[in-house]
């Protein structure tokens, strides 16, 4: 008898809710103080970046440096958006990052599940192999990889940047595996006994329960793809296809840096990724379903 | 093989197939190529000359190889545990039901979103011995800050400091794990009269050991390959590859880069790469073996 | 089953999107009718790139057979990767003079002699030392588009305050001036008579100024000779040796950004410095109130024949061996090397032109004191580092040695002898 998937899911949710979460202690002044100190430390460079982006050129190099601008000006933002085709680059970056996230979400949980929950010979070897590929410094595979793409004539396109993520990235595979290892086996066994196919179990039970993990790798992959500089530079030939991180180099010249516009461009660069993070993190930290990383 | 086992075998392979195919298509070839190059004299453009183990023998006499390895080991051995420790502290602090928690998390994660070239140049400015904010803040405590980027003794600590700034990713993962410790355990511990430290030591920490292992392994791998920050910190203009004062910031990654792209000694660079692979493997193996002693899984 | 279908559909949709992407990129040059497209991949970015794009636009407007597309590729790993493939993705690019030998020896640069001969391109107008750097084993592999020389910059106000009437001409005078121009407040330095703008360039230039040679006639590296040792000694004896390595380092660690109003020379922290011609534009922009002057680099009093020594470095243009439109790229290169384009470009970048006939061009008049650097190119003592296949290795080892010397971990003799030993294994 095929198990009603709604029932399966409901049972999973009940199991999840039944385990009491660790009580989060109420805030006390000491904790707030610690939080504020931590935030200040992490924020300082970003605050410098932010305030510099509003400064006039002379103000940027005022000595001794002052944190806040003399006069708040939007000139740098204008310069930043003029120096490169900002919206085009933004669109390109969104495209590449979006596709990379899609590929990762499609492939990494699949492989992670195989390494965590399925029993088959070679499982350990594949895990070690995947880990091993992370241990070779990228500089020595950069050119052979490029030549490989060149041979099939795909350099100059977005494909080398995006296609590999559809086949899985070891870091995320390993992370998914750690998340999934602690998923309760009884749920899965019950479904198997009821005749559900492995794929169905994966799609209907495992993925929903792993939502926080999925959100985690989605956000991480997005940020990686968003900030990647070298790969887009190496594989793209047409500067109309460039991404934002390459655009940042417009503010570096032979002997110096155009600080004001660079900081403005960096703020513009960071904001969308930050927004994605804020949206995504709601999924992966609040209301975690699985027993997470144990 | 029984039918069930055969089916399981097939399923396992099927689910893992994306990566297996991807490995064969994308990763396997270049890895094999680099392994081959490590036994050759190869300048990227002309046919490689087979030289057997010469590259590896040359490493033994190469003082910059030793130097870069030691520098990198310093950064890894000091930076990775410190980073994990800080990430854990931050996660513990954030694991409170305080208002605006989402915002604090975003603040902690923010540094990892800032592109590395911008962040590094920003830090160059922040670490200036006279007017940089780091030393100005240190100065508040009445101490003279070091000449971070010019003193060979302080360049690596500067890089460690920059690394600590980006523990947001690790902290976020720890946070996820923390919120997953079942409350009943804390209640049981409290009933037994355990104080805050004991609760941490016997309830929280054991639950965090698996993710700690993951972060240690991943952190070591990344630490051994660290390249971008030292590369960008030691440049006096773009596209220069230098080692910093007294080669104190010559990391293994930078040295591989120099050999591959500046000196066009791709054969030697590949050999260096594979030695790094072995060293990283060895450290990871030690970590994984030791993990049986201190990692608690499940239940 | 349905799950399998859903998954399959997801992958197929992604595949379709990717197939679209494949079409999206990779602009092949449509050969046949229409202008031939030549891709010019350059390392310059920002304002310099914009100046270059203007020149490209002028070229495209001036004729209809060739259309040049400029692409800014600020990282040279991209250059190398593209040059290693079978079909080049760019036809012309830029590089630095002393890297020519390394790339030429590996067969990735197209020799230009045939094109030069066929068009009767006159190379006599080019500065000889620059042109020499372009050659490897007798063949020309690059052409210089912009040159750089080094001169002694001095702060007029600080010099007059110290009672020095004119900039030093001999190294002995310079040593005395440095002593007068270095000020201390207790243990701490408040002003240095001399500091290195960039230690590699400064010390190699000084090496030449003291009569040293970094290469011998046959292209072998010679780091350890009386001139080079004397140069290193000059620096050590007059700066860190006299005032203490720690004190000097504390002082220099507080220096502001090079290309900013806080450059130590602009704010009077350093009284004399050896630097390149772009300072004319930089100072005009960042420190217009500075009273400064340019003088030839001092020579040892016993060697008046070394007067007007300077080091010439070059920015070069090259055509990769795997370029697809070499002939058209050469046409464009000729344009860039032509007087009109060269003046425009070098002026925009505040670099020196590579043609001797342009050295007096009025276009540079708005760059303060630029003339001094221009005239330096005419000096018989304008030296350039040889462009050998192992030049990068040599440079790295020299910089290491200079660091050891400046921090007084080794004496000049020891450090340079150590480099000499290493040169034995260069290939």
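Going in written order, the chains are labelled A, B and C, and every chain counts its residues from 1.
The rule is short, and it goes like this: a residue touches a chain if its C-beta (ideal position, glycine included) is under 8 Å from a C-beta of that chain, and two chains touch if they have at least 3 such contacts.
Quick caveat: nothing in here was measured; it's all calculated off a predicted structure.
When the interfaces B-C and A-B are ranked by how many C-beta pairs touch across them, A-B comes first.
Seen from the C-alpha centroid of chain C, the farthest chain centroid is that of A. Centre-to-centre separation between chain A and chain C, using Cα means, comes to 39 Å. Per-chain Cα centroids separate chain B from chain C by 35 Å. One inter-chain figure worth recording: chain A and chain B are separated by 16 Å, centre to centre, where each centre is the mean of the chain's CA atoms.
Contact of a single residue of chain C with at least two other chains is seen at positions 74-75, 77, 80, 84, 256-258. In chain A, 63, 106, 142-143, 163, 166, 202, 229, 249, 252, 254-255, 257 are the positions where the chain touches two or more neighbouring chains simultaneously. Annotation for chain B: residues touching 2 or more other chains are 44, 125, 131, 238, 261.
The touching residues of chain C, when paired with chain A in their complex, are 1-4, 6-7, 10-11, 14, 17-18, 21-22, 24-27, 39, 44-49, 71-75, 77-78, 80-82, 84-87, 89-90, 256-262, 267, 278, 282, 349. By the touch rule above, chain C contacts chain B in their complex via residues 43, 74-77, 80, 83-84, 102, 106-108, 198, 249-250, 252-254, 256-258, 390, 392-393, 396, 399-400, 403-404, 407, 409. By the touch rule above, chain A contacts chain B in their complex via residues 19-27, 31-32, 34-35, 38-39, 41-46, 48-49, 63-65, 106-107, 110-111, 113-115, 118-123, 126, 129-145, 148, 163-164, 166-168, 170-171, 173-175, 178, 181-182, 198, 202, 212, 216, 220, 223, 226-227, 229, 245, 248-249, 252, 254-255, 257, 262-263, 266, 269-270, 273-274, 277-278, 281-282, 284-285, 288, 290-294.
The part of chain A that touches chain C in the complex is made up of residues 58, 60-61, 63, 83, 95, 99, 102-103, 106, 142-143, 146-147, 150-151, 153-159, 162-163, 166, 197, 199-200, 202-204, 229-230, 233-234, 236-239, 241, 246, 249-259.
Listing the residues of chain B that touch chain A in their complex gives 8-9, 11-16, 18-23, 25-27, 29-31, 33-34, 37, 44, 90, 93-99, 102, 104-119, 121-123, 125-126, 131, 133, 165, 168-169, 172-173, 175-187, 207, 210-211, 214, 217-218, 221, 224-225, 227, 237-238, 252-253, 256-257, 260-261, 266, 269-270, 272-274, 276-277, 280-281, 284, 296-298.
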